[in-house]
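Multiple structures are listed underneath, in structure tokens.
Each of the two complexes below includes chain A, the first together with chain B, the second together with chain C.
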Partner chain A sequence: MTAPAPRIVADRLNSRLFRATRSWEAILMVVAVAVFIGNTFLSPYFLNAWNLSDATFNFTEKAMIAFAMAMLIVAGDIDLSVASIIALASTAMGLVMTAGAGVPVIVLVGLGTGLICGAVNGFLVAGMGLPSIVVTIGTMSLFRGIAFIVLGDQAFNGYPPDFAYFGQGYVWWVISFELVLFALFALIYWAILHRSTFGRAVYAIGNNATAAQFSGIRVQRVRFILFLMTGVMSGVAAVCLTSRLGSTRPSIATGWELEVVTMVVLGGVNILGGSGTIPGVVLAAIIMGMVTFGFGLLNVPGIVMSVFLGILLIGVIAVPRLLRGK
Partner chain B sequence: MSIWKKALATAAVATTLMAQSAAAQDVKIAIVVKALGIGFFEAAAKGAEEAAAELGDVEIIYTGPTDTTAEGQIEVINSLIAQGVNAIAVSANDKDALVPTLQKAMERGITVISWDSGVAPEGRMMHLNPSSNALIGNTIIKLAADNLPEGGDVAILSASATATNQNIWIEEAKKVLPNYPGINLVATVYGDDLADKSYREAQGLMATYPNLKAIIAPTTVGILAASQAVTDAGKIGEINVTGLGLPSEMAGAVASGATKSFAIWNPIDLGYAATMISYNLVKGNATAEPGAAIGMGRMGTATLDDANEAAMSDPFTYDASNIDAFKSIF
Partner chain C sequence: MSVLKSREALLALAILVAIGIIAMRFPAFVAPGNLANVFNDTAPLMLLAIGQMIVILTKCIDLSVAANLALTGMVAALMNGAGMPLPLILCAVILLGAALGAVNGVLVWKLGIPSIVVTLGTMTIYRGTIFLMTAGKWVNAHEMTDGFKALPRLVILGLPVMSWIAIAAVLIFAVVLTRTALGRAFYAVGGNAHAAVYAGIDVGRTQFWAFVMSGALAGFTGYLWVARYAVAYVDVAGGFELDVVAACVIGGIAIAGGAGSIWGAMLGALFLGVIKNALPVVGISPFWQMAISGTAIILAVAFNAAQSRPKGRLILREAAQ
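On to the complex of A and B.
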């Protein structure tokens, strides 16, 4: 009797490069390049530094929220109140501005309001164990409702000139402050989700919260922190958007919650939780922004854009299932 | 001929074609509306096309967001700036939020005007109102007087007692009353822009003033409710209901005769006038400054006031002769 031949078990089934080309991010990259090339051919105005710079405003604010939202969705929760947080934060900023506050105070109030709103959501979901979708549909009406009670059909305007920098300022040449902020937050959230124990905990919770709990992860605390993060990022977006508009109206950022969620899902984050990456969300944000801008250059009605996005989104959900043969 | 030569030749032809179309130097005027798919604005676009056909060297870009949001309009305006349009004429969803973006447009040499729904003065060169308070005040009295050659009692059915627009119009109407001898304003009542309350107030007017000849309602809710009340009371022909209404809602009342005529701005004229003004400003035929008179083609001239605002014209009168053409528009 001879000894059986040694069996070799590969520790990686395919090479890193092979897997990378099969990833969702690779598909998005191809789409992004296609959108770029397509736009360049379709419109002579597309490939222009200033025009492209203007176009980035179509996605920077939403994308900043999308980073935090991506982590929240990976953990199996969702926050539909983000646009309403913007409205409330912007209203709070308007109130302190009217009271004569300077730029630093205005900004801090905006971020602070976001934090408090996030804490309210976090407490109701993580503290009281209520389902996040129900809680945030409630706070979606609540936060914007408060803004409407304060403002009615009125508006705050007359923000100090220096305040305009956050939404209208340029760091260098065509590189806007918002674009820099977008890049910075992309890096920060990439580091948190993909390079920290906190990020690992987020994935663990999204895949199996009970197992995560028994592995020593403080699940409810992580979820609470995630809601704080979406709240603060909504505050950041509120500062940028209010500055860009130079005014506050209670209807500010209407409908953004769904655009943010669309960005996240298009970025390859599983809506049921457990998987997804920040680079995917970055690419999705750029694609959405550039498609909107490209359609705008061709004067295609916005509704066509909505149809296109709808098809894209359904495609996103369907393609991976079809590839798996289910 | 190799495939490369063919490709090169095609490219050369394409380039020449593109150069030719660019050489035409059309004035590109963008009509930006609150949202696409609204009858009123589709009609304005028709007027803009009419002006473009008249002028010849104009290309109209009719666009707007899907929802009536300021953010959506900003995205649209950014793409218009990128295309290097010559003029942007906007009916704003938010008079303040569009200002920074429109200022950027003006910095890049684009003529910016607002129409219908205005933008704050720092965000546009001028604003075109469909009409002025004085013209509206005069029109609502004139509509009643035109059908009362012998004069008679008239009453006003307004929106709420605190409605700013209606109060100004009524005030202006009272100022011109002496110009219409025989027209006797007996009462002003308030239906709060609620259909049922307006209906009851109209009934009350008919009961209190048996000699009432006309009800003037400078509100779309009021005029509709009053014409219904008059119809239900069987007083068609006896009492004429007039004021400001929407053709789509008033078509029935005009057909039954409860309303002989009513007024509201004409969106086609408005789109036409906004295009004409944009064109004249782009071509340097006029400058947007207080006191300037800017040509509006068949609509005459617009004279700017101290706030760089102008009124287009009297509200447009709708009656049995033209209601069918407009009722499907707005």
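On to the complex of A and C.
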């Protein structure tokens, strides 16, 4: 009954450039430009070098975790404990600071705590074969719980003045140290995921862990390393955030796991694993930072922004599926 | 089945041992009145754990339950402030809770979005909605009518109504899960989705109903919570979803779906309830509670994994990806 399928003749070359314009990253790029232009019109204070520089702080720390989280999610796992790792790492830094440690020790303790937390997650997931969602929901309680045991309703203050550089320092003019760190990690993670055998292994595991195992990839070791990386990046974020705020409370970075996961998913990473790119996550981070900053300029309360983030998280996944269904 | 049974017996034993140890040093803890208090305190956790358990049975997870509870609780408080009768409020919270659950369910069913993403999103959306409705204002005790506040505390046969509701919910859902087609479908979908399809079960729709039930329970608990504590604000029950998941995991509900019983969920909730209430008695700072539930989740999931190697024969292999 049906008419014979029309013969499709390509009317243009399926070039790399053409395919790139149809990609998720291209859509993100358009959105980023639109957000930028929209913000410029909505608020006269937006287009100012120092204001834009301030805006980058909205995403740099979260994005650093998002790079590692993106690889973890591509491999088919997830880490919901990242915000709690920040809390614990920040508390550990506060402890050694109170004991009189200098800046290098404080930073090392922050990074080390992240590494240890990542190792705990990695051991439970890759070593013992437990599901990452439940494990990291558990460690999410555990890590922040330890911070609460140490601090209760108190806070650590009085970090040494030199320590402020990581979160408040500028490398050159309006280019902050955090922004440089963000760009550096973006490059590193791009190279790891897209230009190394480790990155290929991550995609292979996310698409079919069994097949990856049979092609000689040490699946559990890769997964363990991914959790280590996510832990360390949370430690880096903890150093930056603690330095920027100048104090540690056990409730520090509450809800960041949601924002980091949203960033990764908005960046086009498949939440079920197997696909996604670092440039996508970079664009998503910039978009989220600019939107948050624009809302801030318009005096929109933080909780309304989180509603927006929630809608964004679901919408980003739902809309393509709705369109494909039609 | 015998493994499952022994698992619940083990948990019940652990709770009794914990109570026994506390009783040796603090006999007042085991006074019937105090134990009834502990049970009553745990009732909201039990109600939510029942809903969460059904969702987890179908291989999903519902992180929006606490936000759902807070939103419906706030709506109940506002309806009460507007002078609406209690029966209407009760119907409204159950329907609203079910509707919020249905939103999760539809997104999972019709769009196939992973439940963790859906409910992570709706968790913030629901809580943010409270702020949008109230601009962050609280509804305090003096703004609630006495009838509204009295129902959960009303004592019948020595136990407050809230406890009786939890007991009733456990009994009702025990029947639903083991004696109805839908109840069996929850297990079938989580146990082996492909086999469930061949058995004529609509996997998505079953998951949808799980979310609706979880939502309805959360909505009803929202009223109970707000009425009992006589206050409603944006952050009511903040982070409670973790306790609920913890109760299920401790109760032996397999996070991979398809295994677990209502008694496990109830005992898991009771275990956390006993610990939470014992901490101040034993003289440990309440700040320890978060770390303890975290540890309990990890230990329980490790224990579950060690115990739940597949029993019985595999009659239908899962299709290759």
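As a convention for this text, the second predicted complex is superposed on the first by the 302 of 326 C-alpha atoms of A that agree within 3 Å, B and C clash if a C-alpha of one lies under 4 Å from a C-alpha of the other, contacts with A are read in each partner's own complex, and residues count from 1 in each chain.
Here is the rule we use: a residue touches a chain if its C-beta (ideal position, glycine included) is under 8 Å from a C-beta of that chain, and two chains touch if they have at least 3 such contacts.
Since we're looking at a predicted model, the values are computed, not measured.
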First (chain B), second (chain C), both or neither: which does A:155 touch? first
Could you say whether A:271 touches chain B, chain C, both of them, or neither, answering first, second, both or neither? second
State whether A:102 touches chain B only (first), chain C only (second), both chains, or neither. neither
Touching partner for A:251 - first (chain B), second (chain C), both, neither: first
Determine, under the contact definition given at the top, whether A:301 touches first (chain B), second (chain C), both, or neither. both
When the two structures are overlaid on chain A, which partner does A:127 contact: first (chain B), second (chain C), both, or neither? neither
Could you look at A:139 and tell me whether it touches chain B, chain C, both or neither (first, second, both, neither)? second
So which bits of chain A does chain B touch that chain C touches too? 255, 301, 303, 306
Please name which positions on chain A make contact with chain B in the complex. 43-46, 48, 50-51, 54-55, 57-58, 155, 157, 164, 167-168, 241, 244-247, 249, 251-256, 292-293, 296-297, 299, 301-303, 305-306
In their shared complex, chain A is touched by residues of chain C numbered 61, 107, 111-114, 116-118, 120-125, 127-129, 131-132, 136, 234, 242, 245-246, 249, 255-256, 285, 287-295, 297-298, 301-302, 305, 321
For a test of understanding, state which residues of chain A touch chain C in their complex under the given definition. 78, 124, 128-131, 133-135, 137-146, 148-149, 152, 208, 250, 255, 258, 261-262, 265, 271-272, 301, 303-304, 306-307, 309-311, 313-314, 317-318, 321-322, 325
Contact footprint of chain A on chain B as seen in their complex: 18, 36-37, 61, 63-67, 69-72, 74-76, 78-84, 94-97, 99-100, 120
